[in-house]
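Written out below as structure tokens is the structure these notes cover.
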Amino acid sequence: MVGYILNLLILISISGILAGSLNFIIGYAGIYSLAHAAFFGIAAYTGALIALHVSTSLLIAIPVAMAICAILSLVISLPSLRVRGEYFVVASLGLQMIAFTVFSEWTSVTGGLGGITGVPVATIFGFSLRSLGSMLAVSLACLALVTFAIFALVRTSFGRNLRAIRDNEVAAAAFGKNVALTKTLAVAISSALCAVAGVLYAFHVSFVNPESFTIDASVLVMAMIIIGGTGTVFGPILGALIIHLLPAGLTYLTFLPSRDLASLQQIIYGAAMVLLMIYRPSGLIGRANVKDTWSK
Amino acid sequence: MLFLQLLVDGLQLGALYALMAVGFAMIFGSTRVFHYAHGTTYVIVGYLFYYLAERLHLPWWAAGAAAAAAGVVFGVLLDRWMYRPIQRDEGSFFTVFVASFGIAVVAENVIIILFGASFVSISTPLTRVSDIGGGIVVSYLGMFSVLAAALLFVFLNWFLDRTDVGVALRALSENPDLVRGFGLNPRKLSQYAFAIGSLLVAPAALVATCVTGLTPTAGHRVVLISIAASIIGGIGSLRGAGLGGLILGLAESLAVWKLSTGWSEAVAFIILFAFILARPSGLFGNRARV
Amino acid sequence: MSLRGRMTAALFAAAVAAFATPAWAQNYHIGALLPNSGPMTQFGQLFGNGADLAADHINADKMLSKPFVIDHEDSQGQPQPAVTGMNKLVRVNEEPVVLTAQSGVSKAVAPIGEREHVVTINGGGVAPDLAKLGPYFFNVIPLVNYEVRALVPYLAKEKKFKRIAIVYVEDPLGEACLNELKENAPKNGMELVGAFSVPSTSRQFAPIAAKVREVKPDVVFVAYYGQTMVALVKQLRDAGVDAPFTSYSGFDDPDLKALPAAEGSIYSSQKMDWASTDPITARFVADFKKKYGKDPTFYNANYYNAVWVTAQAMASLEKKKQPITGENIRNELLAIKTFAAVGGKMEFQPDGTVSMPMQINELIKGGSKVLN
Amino acid sequence: MTLVWDVENASAGYGAKQVLFDLSLQQAPGELVCLLGHNGAGKSTLLKVLYGLLPARGGRLSHNGRDVTHAGLAARLDAGIAYMPGGRGVFQQLTVAENMRLGLAAARVPSAARDERLEDVFALFPILREFYGRRAGLLSGGQQQMLSLGRTILSRPTCLLLDEPSIGLAPKLFQDLLATIQRMQRQMNMAVLLVEQNVHEALAIADRAYVMKAGRMVYAGPPSDIDDHAKLMELY
């Protein structure tokens, strides 16, 4: 029982990191990326491969994955950043599709659809994270660090530039801000932070395959921050909590017909997304007046 | 020989892709709604067609027409009861998208409860190929796909060039505020966009129900293809989306000519990637407006 | 309410919900982690039906001192939900045994089973890499290698096919079929004239059909599974591939049996004589028809067997007055080794795989018949 | 006499931001009124409220004696109100013909009557006939303004709302355009409400003038009273 809750909390922490890192570009920079699961996946594969071939230490896997994700995000996002707004979303969706194809087709590295199995238990300072409790402690610590990093980043002049770009890109450019550089950096930072979640995920589940990094996953993360509230520090974490607890809670509603239970779960979940978007689009703890920054 | 056969197959596939993509591009271009539930329209049309034709034994043309009509109604109702309220209060592009995705999830699972998760398909001799000479084989439905696409494109061209609503829809995609400035009602226009966009996905759904079979989750792929084709063709350009769809269909088929069959899907994405890298505005796209 | 208040409340609600489960001690429980939603749902139902019937029989026979219950969790056919479901079964319900299916899901949950000493039994996936998932992982279905080795000689000798082509999915299952075919076709005097891989996401097979027609095979091996195989067979046939199809046990699929295009296909499976007078098989067949109103398939039988042998091991442990734990059940399964099960004797190998005799079947209108 | 516009205590705004405060304005039939004021004084906003693009939050709008405070766009078009937006007022990607077609469609002119309406416009702006099939984006700034104005009068309005027609025009062209506007007003007996930055030119043709400042009316009266630099500066 305790194990179940610990497991759920670990997944929530990982999702919290993921959602927080995406919120960094969506909520503070106005860059709507649907390719987040792709970077999550790249990090997870990197983490798994490092664990299998180099070292099981999180202190090695996480920085390497962060660097790889940041570099790849630069290569990939530079051309995409040339287009704006909705166009970037569509372009990022394309990247997500390509990433999935690469994950499933580049068999020699990713193991194809079969994925990579038997990722060993993570270690940190030589201490093995075999127990769920220690894994949770590390995940929570990472979540706290990432959240604090974002909290601190948006308060620097870089963060102010980001918000200036989010609110009015043309005006920001007119004030001499280097819009392309700022946005690219933001995407790189976001991808690097997202890598933390990817590595933790690979170690926790000890199995990586492409199905965990589909467009559905990207949208799920998106839903987390939209439900929780964009541009807030704790919104993404709340969103992650809800998205994980909703299906888990539904399985306890024993009066639902068991054959269709899974489908009913999905229906409730989809309907919740729709209703929230109609009636509480700023998210549960969103900014009071989102109109000015959200509308085109 | 193989090349010609693949070309013919690719044309059939591309024709249907083109229709789906143009439908999506029409809705996206003129209303800025990222209509993820476009794929849901496809699935609804297909399943209704299956239900009417295979279970209720309606004549195929009546079943097809009723299913297509239902798709149009679905699109228009979504616009009115979901996208409009969201856009009115919030206007966020992304809020609309998430809601649309939610609808896709709901519809998919309702269909699973109603019809089960496995394939449904309509058995008809029309899907069997026959030799049209030189070892090239085509099925009647394959020819129908190409013909339907051609006819719909002619209709679409006429509609966009020669009718008030068509011209207004093009205007809407250029500048929605100015449409109001002219005294036209963008909301009414967007319903037309949804009606026509949804109608365009119907032939693909009807053909797929017979040829490839249909699953409740088929809608996702429809959206992915539509989006990829829209990017390749240039967002905002209907001609571009149509051409993009055709290119994707042809590429998917012709890829196996020299390459291993495993590449057929990836080739489409490689083309997409090349466009994103080298020409993010696509074939006919204007540079994104601010 | 403050943010912290809200989060605490949500957590508390989850904890209450989680603890509010019935008292487990009164019953024996095992878990079933099957695809109850998603593209493999059809199979999830086949698997679940077989397992549920076995539970009925075990309780009817009073084989164990307490009622026997199967707790179902949905794997959605995908690793991540499967891991969540597995954790729930193993850590909340503390099930000693979990039934699973499919390579991807099995590979994802097997490490949890091993770590927590929970026996994990697969009765649906046949990919060869399922043989290497650790000491707690059992297969009650023969893996595909054995099938191809039995199938190819039949195709060559009885059917006199000379040219065989394969259309396969790019995953361990498809590649195993390809490799076995590469090795076994020449041995039996057949030529492998073409090997065509299908990307796992593809639904459009006309181009592949064109390639298959180009090599003019006598018979086409399809190595896929689930709904996509149904679509593949239908489209290949529609697009002018006239050669008969052949495949492994994955072909024993109600959708394929209902598909006119698949008629006449030849496929291998574990030996299963439904008309057998052996009491276990006869009872299974009769009660299955009674309960579900249709004929059983291998998959129903495999999951029936998975539950059946588990209960036997439990009963044996009860007799020895040993606690019912995953570890003890595992040791007992390997110690008993040979079980009387539906379809005949089932013998576990030390690596957790099972060896069973094979048979060759042909799909006929609305069903299948045994050829040898 | 029924007033074309009788606006009492109108207020309006965007989101949380209020732009217009308790505005009142009157216009007689056939009268050319110009509306002056700084950038951001709320002139364009007032036009949008009159045309129905932006709802009034308070006050009452009366047009030809009818309360149109809550009337929709179509109802206002039918009532004879037409609006020429500020900035780019034509669809760049559409041809001249298509822009005109949308004007006719918006005014719900039956197809039989369309040619006649077009001829009216061609009579005023012959250049539009010449470039009828050309994409509007390819026209010069002045030609685009003519197209925009021509499109506006397709509905044969009795009340024309013009938002800074001078934008992007060379002084000479602007003079011509103003002359045309004045001619139209006289010939068709249209009430014209003209928002302009070029104060002196606008005052020269206006029958009456209003001056706005920070969302409030600060002057209403004959143009001659304020056509004097010092006086105007005081108001601004």
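A, B, C and D label the chains in the order they appear, each numbered from 1.
Just so it is clear, a contact is a pair of C-beta atoms (placed from the backbone, for glycine too) under 8 Å apart; a residue touches a chain by one contact, two chains touch by 3 or more.
These numbers come from a predicted model, not from an experiment.
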Seminar exercise, completed: By label, the chains that touch chain A as well as chain D are B
Problem set entry | Distance in touch steps, counted as few as possible, from chain B out to chain D | 1
For this session: Give the identifier of the chain nearest to the protein's overall CA centre, each chain being represented by its own CA mean.
Result: B
Exercise. Which integer distance in Å separates the CA centroid of chain C from that of chain D?
Worked result: 75
Exercise. Taking each chain's centre as the mean position of its Cα atoms, how many Å separate chain B from chain C?
Worked result: 36
For this session: Could you please state the distance in Å, as a whole number, between where the Cα atoms of chain A are centred and where those of chain C are centred?
Result: 34
Seminar exercise, completed: Per the C-alpha centroid definition, the whole-Å distance linking chain A and chain B comes out as 30
For this session: For chain B, jot down the residues that touch at least 2 other chains.
Result: 109, 112, 262, 265-266
Exercise. Which residues belonging to chain C are in contact with no fewer than two other chains?
Worked result: 37-38, 170, 199, 201
Problem set entry | Partner chain B, residues of chain D touching it in the complex | 53, 73-74, 76-77, 82-83, 85, 88-94, 98, 101-107, 151, 155
Seminar exercise, completed: Residue positions on chain A within touch of chain C in the complex are 1-5, 7-8, 11, 100-101, 104-105, 107, 112-115, 117-118, 205-207, 209, 211-212, 234, 237-238, 241-242, 245, 248-249, 251-252, 258-259, 261-263, 266, 284-285
Problem set entry | Complex interface listing, chain B residues touching chain A | 32, 34, 82, 85-86, 89-99, 101-106, 108-110, 112-113, 220, 224, 227-228, 230-231, 235, 262, 265-266, 269-270, 272-273, 276-278, 280-281, 287-290
Exercise. Can you list the residues on chain B that touch chain C in the complex?
Worked result: 1-2, 5-6, 9-10, 12-13, 109, 112, 116-119, 121, 123, 127-129, 137, 139, 211-213, 215, 217-218, 221, 252-256, 260-266
Problem set entry | Contact footprint of chain A on chain C as seen in their complex | 3, 6-7, 10-11, 13-15, 17-21, 36-38, 45, 72-74, 76, 78-80, 83-84, 87-88, 90-92, 103-104, 107-108, 110-111, 127, 129, 169-172, 199-201
